[in-house]
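We call the chains A, B, C, D and E, going by the order they appear; numbering starts again at 1 in every chain.
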């Protein structure tokens, strides 16, 4: 083996790869025409894409934007292209898009004549849902993104009380007093614990706010209102509709289901048999039936289950049922987060002498929830999409509105444009959120 | 295992043992399901004593010290810590836990809190110390373990040895009278072991009552005033370190010592 | 504290209910239980009072009254004089029908799309991505409605088949008619039919079993038994000699010959759909409501399944493929023997929960007028009888039973395939 | 408290309407509800609260309408609902009158060449679920011993789409609904209504059993509209008539004489308000569904009894 | 890196090198995208040769041996294995793959199959060996790597060293004429490294042709009959181990050797 010994005297330079494997040609070769099957697939796909786009694009863009009724739309089409098929009549969106976005939310203050006369266009009350939405983004930003200033958490804390006031209107004292309930609970705990002991303190901290909310809030708020009146016009929930309604249901359901879901998840994780059984029973029951049956319960049964004479409107009832629905799913998401925490965290907390609730609040939940955020976002997307089901029980969400619009003599017979618009809006929302949750998942992966 | 890698002079004179009883364990038994993991344990620890617990894997060392601050429940016998009996009474448990600090093999720091927050959490919420005061104490102990400059970092940003020292500081912030260590150095690289052992020696010099599960025999020799050898859930032998290492009585101990000192 | 007396053996004090870990858990449980009972009692009490005021005490007698409405898509015989119970039963069967069909197609499409999304072919991968994102991010109800609309608008009405120069013609040698009312396919008919067995007499749950079908199934069973025997032998031969004998022809023969003979004996022929009057007559009719629902649910769920499949395949590390290739295995075999068995563990559990979702989503059938159980029991029956409480409860019960059964299967599977580890 | 007091206290009338049926109820681009049924709601609101705008319209589907009413979510339902025995007796609702005498009809494309419902053997029929028409249809085909295939559909809009695309040969519902639907077709003349009317469909507003006082208010509000047409009181001339006429019935109706309003628990001008809300019965009819509208329904049965129709109000006395 | 921790006598006499060519690589070039990862590689391996490939990280060692059984495609030049040229021809690839065994750094056992099934899978499906025979062969090789008793366990139940030995046995079951090893010991604990290296030495003693990417210089010294040093995608130096270690020619090699033998 004389050839064994070898020493390279000069290093070879880096060379360009053979032309066929780089650049556009190389890319196409590798990704599109790599073998016979692939080439055939590519060509078929290209043809398919061409036909779909051709039909879709001409329908979408060779369209009528200004018309007051379908008939007029058709006349314009016939005049322009000689046929009514293959062209969209976006005029209906032009005409009704405010309705599709806000439902019947009054564009003017709900009680005309207060300050603005009968002038309906004077002071768009749409700013209320809009402001709620912007505040919502501000409120969730500190939860979702690390880089946002922590001060925004104040918005997060205030939002649950501010949003109902903005949306439903009325006196500000109601939400303020409702928030005060938490303050009362806190004070009761702080002040009474030294006097009547820890247990008494806890009981008082729960009982007093409940009494406050059940019996006193209304009176006190009314009293304050009569002294210092700060109120904006009221809007009944009946007037809510369109995408505003979908978002509202989604946001309220997720917001309220989070605490319930946490409690359920903790219950399901606990070793207390009865508590666990109750939680598992609830979760599995809710997850075992379709949302639509729960909505039936909301629309036809909930009043039967509640004390005689209780009246609250269908939107609130739907909110309750959707919240329960979301809680069950949320509980499973949170449970996943809890399960992902190492046991050492519990032991670390125990060994420092933190009690169960302190450990949960200070150590376990902050970590578990962070892990669960992608799951929470997916649940939100699911609930948001599912809000369309409320159209089946007669609420005017975008789908429900599409029926109402088609029942208007002017737009009777319109079809694709409405659904395309609704689908598009849903897509934009959900796609955005799903991208965000993917980004989060990647971030979490890196972080561990 | 290696001899203690410290070069400083250890001042055994300061390590006074009083004759007040800090921990008393009487006829304690514990089962996992039907597996009898601790059998008839009797152990008295006086205040200021530094006890090293050794023994083969699975012999119940961790279980024993976890019982002392009630991370595990024992089924029979008594454990009395600082005059308080460990029973199912939550108040007693809380009391004992705030007097007994624990330091785990895997540190168990809270990754979502800064070092300082890790250290002030329990004083603020359990001891109800004002934040300011808690932070001062925390900084004091962080200085003691020589990482005050890391106070605002998160655990994930520290090395293993630093993390373990933070864990010790965290326990100390509760001003415990007794410290339990469960293999505090076994998850660490050799260089980091030294840092942690140094910190523990300092504690010992200040007269802290310590129970330490460890296989650092150098540490045992220089610091402990008693070594306890466990096997199969029982205390097989206990003695002063010199005696224990040079003149083990039981066969089991001899075998064990030959193994861990041998290689 | 040098001397320790015996610790005081405290007698039971009330505060121990809270501070003693042993009693505390009992206290909490008792409180939870009492709370739950009170809540339940409160609900039931409210319900009773309310129903009394409305004059509708809960009772299920209405189930035995004639329903009065017709159901077009049905698996058992039914007419408008049958009871509400039978209508519900038909609805339930319809739910199961669309759920089973949907699960099958969703799986096929989902697996295909999931695999194609990993394709090296850029454009195919991108098209699949667009498909998945499109379906995942738009509500399923919208898809159901759109699917129905597309079927209705794009397919020819039966009347288009009429006349000298029809605008539309039947497909597949005039055997299948695709119309906007659904698809008509040939139906199997027997001239020497063995008849039917009526079970459960005239009750609402009665059903017929075709003896022809039983005979057919028996023969088929025997054939399949034979085929498994042949394959077992082939396997045996493979294990002893290494070469696997070709079993294709034996299998085909075993499968088709006996059943063929039986069919000939029974006088099997196909009944072709034919345009008569307003509609096609003869043949089996799959209504467009069923097709639309089926299609939308399949495509929607398939988008989720595709992601699961993709994730499952990606979860199997690339090293596994390389190892198999280094051992000289071709890609098909690598997929079948190495990748799939591992991917399936990851895939199946979320897949089953998607089957569950599909089944639950099938309740949106009312949007296209497919008479599933929500459409019959929870729809028309509820509406015509005014028995909301009873119908909604029964409806939930039905779904709950289906869901829990599926969950049970899932748990069983999960336990079975757990990877063995240290 | 009775429903009347509730409504007054609330300052709003909750009125159930359909989620959308051309001519009967649908919201326009400003969210204002319009239509024949809507007119009834507004009349009642005007009578009770003096303001025709004080109505909260609650869209209901065929399925949710009865529960909404029974549970008290709505005070009255004006949703082209047929007065039937079981709805009255079993579901426990009081139909306070009839605002449209209807019957179930069939609509087919002209090109099918069908001239009678009896020729529909084997046809595919679009039908709205949860309605009386669904039951009638089953009965009709059963009693005539011919077969059909129902295509159940939730809403009118959906039904119309399926029918136009040829997914069903026939669309059947209340003849008024058929006419309303046909009116909006691109080419209405390509479709015919078959001569058979296979059922009686008296459509009217309804309230819950057990609150007769409220039932009376709704009933007489409707009757006021009818009587107003009979007596020639229109929204145009009501101003001067309210001042007093020499017809005592008009005076009683419009509150310038007697105390009918007080008896109902309303103020004296209640009927005047109701009529001013959208005009008298005839005006409502003409404005929403009559021959001058695209829907173009003839009065037919719904003419005043004086004109040979069935619209007949008991006297205001 | 540590010297080979074996105490057995290695019998170099058995390791005969014939002069039949097993692998011939001529002017081979490979690019990843536009990155020139292998440059003008020329290499002849005779049957029975044991070649160790060393070089800094990223120098293309893995890529080179992965090209030999076509886990990666080369863009220019020829690779001829056992007389068959590696081209896109599927048949050739299959043929070569069944003659070349490969052993990965991370073992890549199939976790869903038992050890025995792992070993019999390819013989049964690729070689069409009867199951019985395949199992016998498998047991034979498992005995050779000294873990026959683990045959019915799953990979997840074995230690890293055991897994790597199974991986070797699995390749051997295909009765390859050439074995490629890609850092087979770098994922293992020191004790386990020994087990695996012992197995490899045994293979070498039986005259198996081996290409091995490794930094176990002890192994190279004692077993290899040629060491190849790669850098930046090129073969910089090759020589017999003695020469290579004691008398490296190129500067690059010297630097590298000083680094890995230095510490």
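The definition used in the following text is that a contact is a pair of C-beta atoms (placed from the backbone, for glycine too) under 8 Å apart; a residue touches a chain by one contact, two chains touch by 3 or more.
Keep in mind it's a predicted model, so treat the numbers as computed, not measured.
Participant: Out of curiosity, which chains are bumping into both chain A and chain E?
Facilitator: Joint contacts, listed by label: C.
Participant: Please report the minimal path length, in steps, between chain B and chain E on the chain touch graph.
Facilitator: The distance in steps between these two chains is 2.
Participant: Which chain wins if you rank chains by how close their C-alpha centre is to the centre of all protein C-alpha atoms?
Facilitator: Given all protein C-alpha atoms shown, the central chain works out to be A.
Participant: State the chain with the largest centre-to-centre distance from chain D, centres being mean CA positions.
Facilitator: So the chain farthest away from chain D turns out to be E.
Participant: Looking at chain pairs A-B and B-C, which one is connected by more C-beta pairs in contact?
Facilitator: Ranking A-B and B-C by C-beta contacts puts A-B first.
Participant: Per the centroid of Cα atoms for each chain, what is the distance between chain B and chain D, given in Å?
Facilitator: 84
Participant: Roughly how far is chain A from chain C, centre to centre by C-alpha average, rounded to an integer in Å?
Facilitator: 29
Participant: Using Cα averages as centroids, what's the distance between chain A and chain D in whole Å?
Facilitator: Going by mean C-alpha positions, chain A sits 39 Å from chain D.
Participant: Using CA atom averages as chain centres, what separation in Å is found between chain C and chain E?
Facilitator: Distance between chain centres, rounded to whole Å: 51 Å.
Participant: Give me the residues of chain C that touch two or more other chains.
Facilitator: In chain C, 18, 54, 149, 366-367, 382, 388 touch at least two other chains.
Participant: Please list all residues of chain E that touch 2 or more other chains.
Facilitator: none
Participant: Mind pulling the residue numbers of chain A that touch at least two other chains?
Facilitator: 300, 303-304, 392, 415
Participant: Dump the list of chain pairs that touch, please.
Facilitator: All chain pairs meeting the touch criterion are A-B, A-C, A-D, A-E, B-C, C-D, C-E.
Participant: Help me check something: in the complex, which residues belonging to chain D touch chain A?
Facilitator: Per the stated touch rule, the residues are 12, 18-23, 25-31, 56-61, 63-64, 67-68, 71-73, 154-158, 160-161, 164, 181, 183-186, 294-295.
Participant: Going by the contact rule at the top, pick out the chain B residues touching chain C in the complex.
Facilitator: My answer: residues 19-21, 24, 78, 80, 82-83, 85, 87-91, 93.
Participant: Can you name the residues of chain C that touch chain E in the complex?
Facilitator: Residues of chain C touching chain E: 238-244, 317, 319-320, 322-330, 333, 337-338, 341-342, 345, 419-422.
Participant: Quick check: in the complex, which residue numbers of chain A touch chain B?
Facilitator: 342, 344-345, 347-355, 358, 362-363, 366-367, 370
Participant: Report the residues of chain D in contact with chain C in the complex, numbered from low to high.
Facilitator: Against chain C, chain D makes touches at 62-63, 66-67, 70, 90-92, 111-112, 120-124, 129-130, 134-135, 137-139, 142, 148-154, 161-162, 165-169, 209.
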